[in-house]
Amino acid sequence: MARSFGIGTKKVGLPPGTLVHVGEERTEPVRITIFDYDEDSLHEFCPTSVDRCSDFRDSPSVTWIDVVGVHRPEVVEEIANCFGIHPLVQEDVVHTEQRPKMEDYDDYVFIVLKMLTSPDEPDGDDGIRSEQLSLIVGRGFVLSFQETEGDVFDPVRDRIRKSKGKIRRRGADYLAYSLIDAVVDNYFPILEAAGEELELLEDELLANPSTEASQKIHQMKRDMIFLRKSVWPLRDVISRLARGESEIFSDSTAIYLRDVYDHTVQVIEEIETIREILSGMLEIYLSTISNRMNEVMKVLTIIATIFIPLTLVAGIYGMNFDYMPELHWRYGYPAVLLFMTSAGVIMLIYFRRRRWI
Amino acid sequence: MARSFGIGTKKVGLPPGTLVHVGEERTEPVRITIFDYDEDSLHEFCPTSVDRCSDFRDSPSVTWIDVVGVHRPEVVEEIANCFGIHPLVQEDVVHTEQRPKMEDYDDYVFIVLKMLTSPDEPDGDDGIRSEQLSLIVGRGFVLSFQETEGDVFDPVRDRIRKSKGKIRRRGADYLAYSLIDAVVDNYFPILEAAGEELELLEDELLANPSTEASQKIHQMKRDMIFLRKSVWPLRDVISRLARGESEIFSDSTAIYLRDVYDHTVQVIEEIETIREILSGMLEIYLSTISNRMNEVMKVLTIIATIFIPLTLVAGIYGMNFDYMPELHWRYGYPAVLLFMTSAGVIMLIYFRRRRWI
Amino acid sequence: MARSFGIGTKKVGLPPGTLVHVGEERTEPVRITIFDYDEDSLHEFCPTSVDRCSDFRDSPSVTWIDVVGVHRPEVVEEIANCFGIHPLVQEDVVHTEQRPKMEDYDDYVFIVLKMLTSPDEPDGDDGIRSEQLSLIVGRGFVLSFQETEGDVFDPVRDRIRKSKGKIRRRGADYLAYSLIDAVVDNYFPILEAAGEELELLEDELLANPSTEASQKIHQMKRDMIFLRKSVWPLRDVISRLARGESEIFSDSTAIYLRDVYDHTVQVIEEIETIREILSGMLEIYLSTISNRMNEVMKVLTIIATIFIPLTLVAGIYGMNFDYMPELHWRYGYPAVLLFMTSAGVIMLIYFRRRRWI
Amino acid sequence: MARSFGIGTKKVGLPPGTLVHVGEERTEPVRITIFDYDEDSLHEFCPTSVDRCSDFRDSPSVTWIDVVGVHRPEVVEEIANCFGIHPLVQEDVVHTEQRPKMEDYDDYVFIVLKMLTSPDEPDGDDGIRSEQLSLIVGRGFVLSFQETEGDVFDPVRDRIRKSKGKIRRRGADYLAYSLIDAVVDNYFPILEAAGEELELLEDELLANPSTEASQKIHQMKRDMIFLRKSVWPLRDVISRLARGESEIFSDSTAIYLRDVYDHTVQVIEEIETIREILSGMLEIYLSTISNRMNEVMKVLTIIATIFIPLTLVAGIYGMNFDYMPELHWRYGYPAVLLFMTSAGVIMLIYFRRRRWI
Amino acid sequence: MARSFGIGTKKVGLPPGTLVHVGEERTEPVRITIFDYDEDSLHEFCPTSVDRCSDFRDSPSVTWIDVVGVHRPEVVEEIANCFGIHPLVQEDVVHTEQRPKMEDYDDYVFIVLKMLTSPDEPDGDDGIRSEQLSLIVGRGFVLSFQETEGDVFDPVRDRIRKSKGKIRRRGADYLAYSLIDAVVDNYFPILEAAGEELELLEDELLANPSTEASQKIHQMKRDMIFLRKSVWPLRDVISRLARGESEIFSDSTAIYLRDVYDHTVQVIEEIETIREILSGMLEIYLSTISNRMNEVMKVLTIIATIFIPLTLVAGIYGMNFDYMPELHWRYGYPAVLLFMTSAGVIMLIYFRRRRWI
């Protein structure tokens, strides 16, 4: 949670367009990979110097520059300047607490997404982690900036390398679509894991409504708030892309974006469904506790109601008055025992009638 | 519930347009039925080979190809290619976790619906099951893809065979309307069953507010969340068809679609009503539990308040002090008994005044 | 409630435009009344045969055909066909589970309303009953179809007969407005009755928060859900009429419809207000129960806390040890009694300080 | 509350435009005041006969006819007819249960507002009372109809008399704005009083969460529902006036109306804030009750857990078996007392560890 | 809270445009600072007399007049008149209870913002304090009116003095943007502080669910209501500025405003997230209390259920009947002790099975 409130205090008071990295502290080197391809050829390499990026600026082929690590603002700045990117965009790339958004700068489109990764250990307290992906899509080039290395884009790289599907035959907008699609597709396993945890939790809740179970429900609820915050604005972003608001994205790609849009809506619906189910589970939890308390109270009441009056009877015959004729009757003792037993039995019958037992 | 989270993990990372069946595993053969009719003639047969579909592509009569079973993507692909359907549409047909939607591809309209079937045994834990129906409506043809064989379309087939109503005199758009109408009409018995279960549940709840009853309420709530997810987007789909967004649907059919739209809105309203009533029932349940606990507490308190003080009195006269003058009085014992009885009676009167009895 | 879920199962699978009566079973004969009037003349009679309706089709005067009872579809069909009404409209007239709606068929407007009647015995369990009123308003004629005979339209008939107000001087649209106005005006007494019941209920709740009171609240909540379902879509219907969406309604009548629209909004607001107040009353109910339980617990705790320790003291001096010096002291007994009394008094003081008494 | 449900039953069935007073029964005479002014001159007088109103119909100066008391429909009718007001407007003026609205009749604008007055005694059960103010604003005249005499308009009268501000230099629309402004400004003291009551209530709630406090919260909640109903539609009314929907209101007055609009939004926000705070207070109340019950239960449990076992011990040594060796030991009695004391102390330590004490 | 209800009672009844200071009473002198700069030159000084403001009215350079303290209306009036500001704007500047808004007066734009300051002592009961900032942005000048001296604008002043960033090269609209940006940036530390307090509170809640913790939650909830009220309308204000609704703001500045808009949306989302988490925490709190009560009840019930029946047994053998054969058996006493012990052990086993221990 600390994460979700770590919003840019370092930035306060600086002029706009100043590049300050905001996010987790990192020390790894920044890794740059360049794919340059058209239908017939493919160059893939990791440049040692940022300068080489400029070579691809005006090439007719599609250029994808993938930057992993935005904690060194000067690297981001150099690449971005080479493609003529507005300083505010550069600032948002390194300031990794943006919400998903899409900004159209005529010559290029700036898109911010959230990549989600579920924690390695499913039972850990880590919760779901989120990472900012910034895409700058221009005519003939795509710049992508990630925070950490992940394998989300591996299938896309694979398709480019092996020329699978239409990716090599189409432009930068289709590449951008493929990357967005990969990110959105990646939400589904996370939701599926949440769905499975939900079912486990539900079984646990019915078997043993412990405080831990209720805390897990709240933890999941909070995860869902977090997820929704990451996915909700995406719906609008992709809808605007699919509606062809930017000229960078061609009409034939818009059909594919409509597909991603459907997926995003589906993700949002699943999140809302999980939230509603979680609320229902909390209600189950509370009503189960109330029920249990009721059961406990009934046991207490039955015991007290049967035995306290009998104890009074025993107490009465334990009094030391000189003149208590019953005490000297031959069958006084068995009579009292009999009376006590029958009183208890009558009580039990009464409780059964009231459906307490 | 497992169902509602089984969204397409097999798909992650594949290029768009790759046909992978997502849904329950099935092994039955795929069954294809072809209806080809105009006002005067009707051909109905089950082709042994998919090739025969192409014969009807350009015929002036209305062709309805009904495919039951989408778990063999190659069959879907062959039929779809024969009618020139976009790969993304083919992908959505076999990927049976789509939400209801409508996509206009100029030459044809792609419509996804959910067919709902209530479980065979009304008391089972199965809940309501949902199946994807994909309709591709073009000029002169309708392709329908279902997951399992159902009898929802039997009345439509019957009307075609017996030339009942206007169906034989009108085009493919009217056939599509008839199929959609059949699906939506089928929601009503399910809602009616839910309504009846609701009434049973309510009676049960008032008679005996058990934990099982509260769990059934939650089960129904979840069913309604599921139902709403299936029906809610349909409203928009049919509204767009009825507004004539696609040229495939003629104005005279739009009037009929407006009628289906009304039914859909009615279904949604019923679902919302059931949801509100279920929420009210949960409140009843919780307040009944509170009330019962109150009753139990009152019984306990009355018993304890009457007998514990009397037990003290008995205890006092059971003490073994040498000098306790009361013990030697001739009428000490009856006096104490009388005191105890009157104290108890006074207590009872006090409780009655406080309306506890 | 059975009512609200009885939606058209008889209809499933029939071709559209098939007239099947859906609603409560009835056996009374259908009663038809015809009013034909202009500023100077008025014919009012109950035709023995449906044929006579056609006489008024093309008359320049205003014709109002009021049909009570739609359980004989053939009668509805004959009249409707005579005025050239679309089969789907005829179907909706006899299928009395429509939600309020307005459909414009250029030559006529089809309007569905709900007439509400409160039960005869205010304390009965019947709840509010609803009946479908279908209006078909054309140039020069109004067809109205009700389920049962009611006196809602009596004032309108009266105004026609006695030529009160402008009704005789204006067209069919004004007549339609008058009928709609009569229906909407009739909602107010029902709301008023609900308001009065609410106040009674509130007094009862504060005096004695019984389970019955909470069930009455829930019953009223459900009535309000039902009411809202009947009135909510009406707002849109009348708004569209008042905006002049149909050419059947003239601009001068639109001003009057705006007035009805205001009333409808007012009805909806009252319903929402009653719902909010009912929710507040449930909260009062639950907090009162909690409070009472608290009171009961306090009494129990005070009694137990005072008497259980004293009982121990009495028990101790009831032990039969040989060597218990206190037993033989001359003032042992009064000393113990004094000790017990003062312990009890100290306890009471302590409780008073804690504000428990 | 009776008020908010007293909607027009007297009206049901009457032709539209029939003037029937709906509202509290009144017997006071109707009081009419006429202001006729331009920048240089001012006539102010109370006409003895309604006829005199017509003198000012076509005067170039601004005429304000203020009518206090609408329970005599004939007076309203006469004045309104003199200015050519539509019968439906006249009906709404005397029918004092309208919601705030604005209707544009080209030649004049009809505006309905609610004037609120807080009860004289702040602790009374009266709640906030509401009164209908109808304004008819034409070119050169303003007719205002109030139910009872109030001092809300005194500052406006004062400004006219003393020619303060611009009021004498501007037209009827500015006068109408001044009256609306006076009404809206008057909402603030009511909200302020509510805010103060809220703070008192909160202190009371924390000090002593009694049933009375919870009932006061619910009373305030209901007041807020009532207030919102009166103010919410006003927002739309003034927004439409400020947007220049009517030609009666000039652009220079629109700037002032924008100011009133801001105030209205502020009033609505305050009401919503108070509602949210009240909901929070109810939650505090309920959790405080739960907490107190918890405290009570702990005391009971501690007492019972310590003394009930010790009572058993005393009971055991009070048994009358012949062979109970402990009874004859010299130090049996002190040993038992020691045992009891230490058992009690151990219990107390245990409870302290569990943080119950 | 007193603050949020202190809305302008002093104003009621005055003509519009009358300048009356509404807000906290202050006595400090008003401090005016003037910055006049273009790319090459900068004049910064505090004028002793308000007259000097007029010198800068028509200068081609950018003039920023910063006024701290609006409790002396005459100072505000003099400055505003010098720049030709509408009286209603002047009124809103001194009436410091406005909600954030933006009004376009063609020649200048009037913007109201809320500056928030968290209290100095984080544990104090002060809550967050809010101060009104009024900006009047014209062609070539910016007038800013604050209530108290703060250091929010220091970075902006610094950038002007040191000519950092583009601020000196751009116009008054960019200066206005910088000031708005500084205010919005300042919201983040406040949210961050709230986030940290939330985490502390959560730990405290789980460790010890005291009444204080629940009151702190409610305090934070109220703070969030307050915050939302201050920030929510800002979203609309900045959105309208960024959409270029006013001609004062150039297109190149609009890009920067879009950035501020994103921040505002982020602030609102954070507030909503905190509110949802607080609601979840209240639920945790209540369910923890229920759970604890359950635990307490179990202990009580176990103790009572084990010891009360045994006490009855002891009581029976403490009765003084003459003929009680067990009393004279040699092994009666140990037999009873054995019976009691085994009964207790059986009870314990039973409770363990029911999972109560």
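Letters A, B, C, D and E name the chains as they come in the text, with residue numbers starting at 1 for each one.
Operating definition for what follows: a contact is a pair of C-beta atoms (placed from the backbone, for glycine too) under 8 Å apart; a residue touches a chain by one contact, two chains touch by 3 or more.
The shown structure was predicted, so the numbers you read here are calculated from the model rather than taken from an experiment.
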{"item": "Chains contacting each of subunit C and subunit D, listed by label", "value": "none"}
{"item": "Rotation in the CA alignment of subunit B with subunit D, degrees, nearest 5", "value": "145"}
{"item": "For subunit D paired with subunit E, centre-to-centre distance based on mean C-alpha positions, whole Å", "value": "26"}
{"item": "Centre-to-centre distance between subunit E and subunit C (centres being mean Cα positions), rounded to whole Å", "value": "42"}
{"item": "Geometric centre distance via CA averages, subunit B-subunit A, whole Å", "value": "26"}
{"item": "Touching two or more other chains - residue numbers and ranges from subunit D", "value": "286, 290, 293, 297, 300, 304, 308, 311, 315, 318-320, 324"}
{"item": "Overall pattern in which the protein chains touch one another (line/ring/star/complete/other)", "value": "ring"}
{"item": "Cyclic chain order when read starting with subunit C and heading to subunit D", "value": "C, D, E, A, B"}
{"item": "Residues of subunit D touching subunit E in the complex", "value": "154-155, 158-159, 164-167, 178, 181-182, 185-186, 188-189, 191-192, 194-196, 199, 206, 255-256, 258-259, 262, 265-266, 269-270, 273, 276-277, 280, 283-284, 286-288, 290-291, 293-294, 297-298, 300-301, 304-305, 308-309, 311-312, 315-316, 318-324, 355-356"}
{"item": "Of all residues in subunit A, those that touch subunit E in their complex", "value": "1-2, 4-9, 11-18, 86, 88, 92, 97-99, 101, 103, 208, 211, 214-215, 218, 221-222, 225, 229, 282, 285-286, 289-290, 292-293, 296-297, 299-300, 303-304, 307-308, 310-311, 314-315, 317-320, 324, 326-328, 330-333, 336-337, 340"}
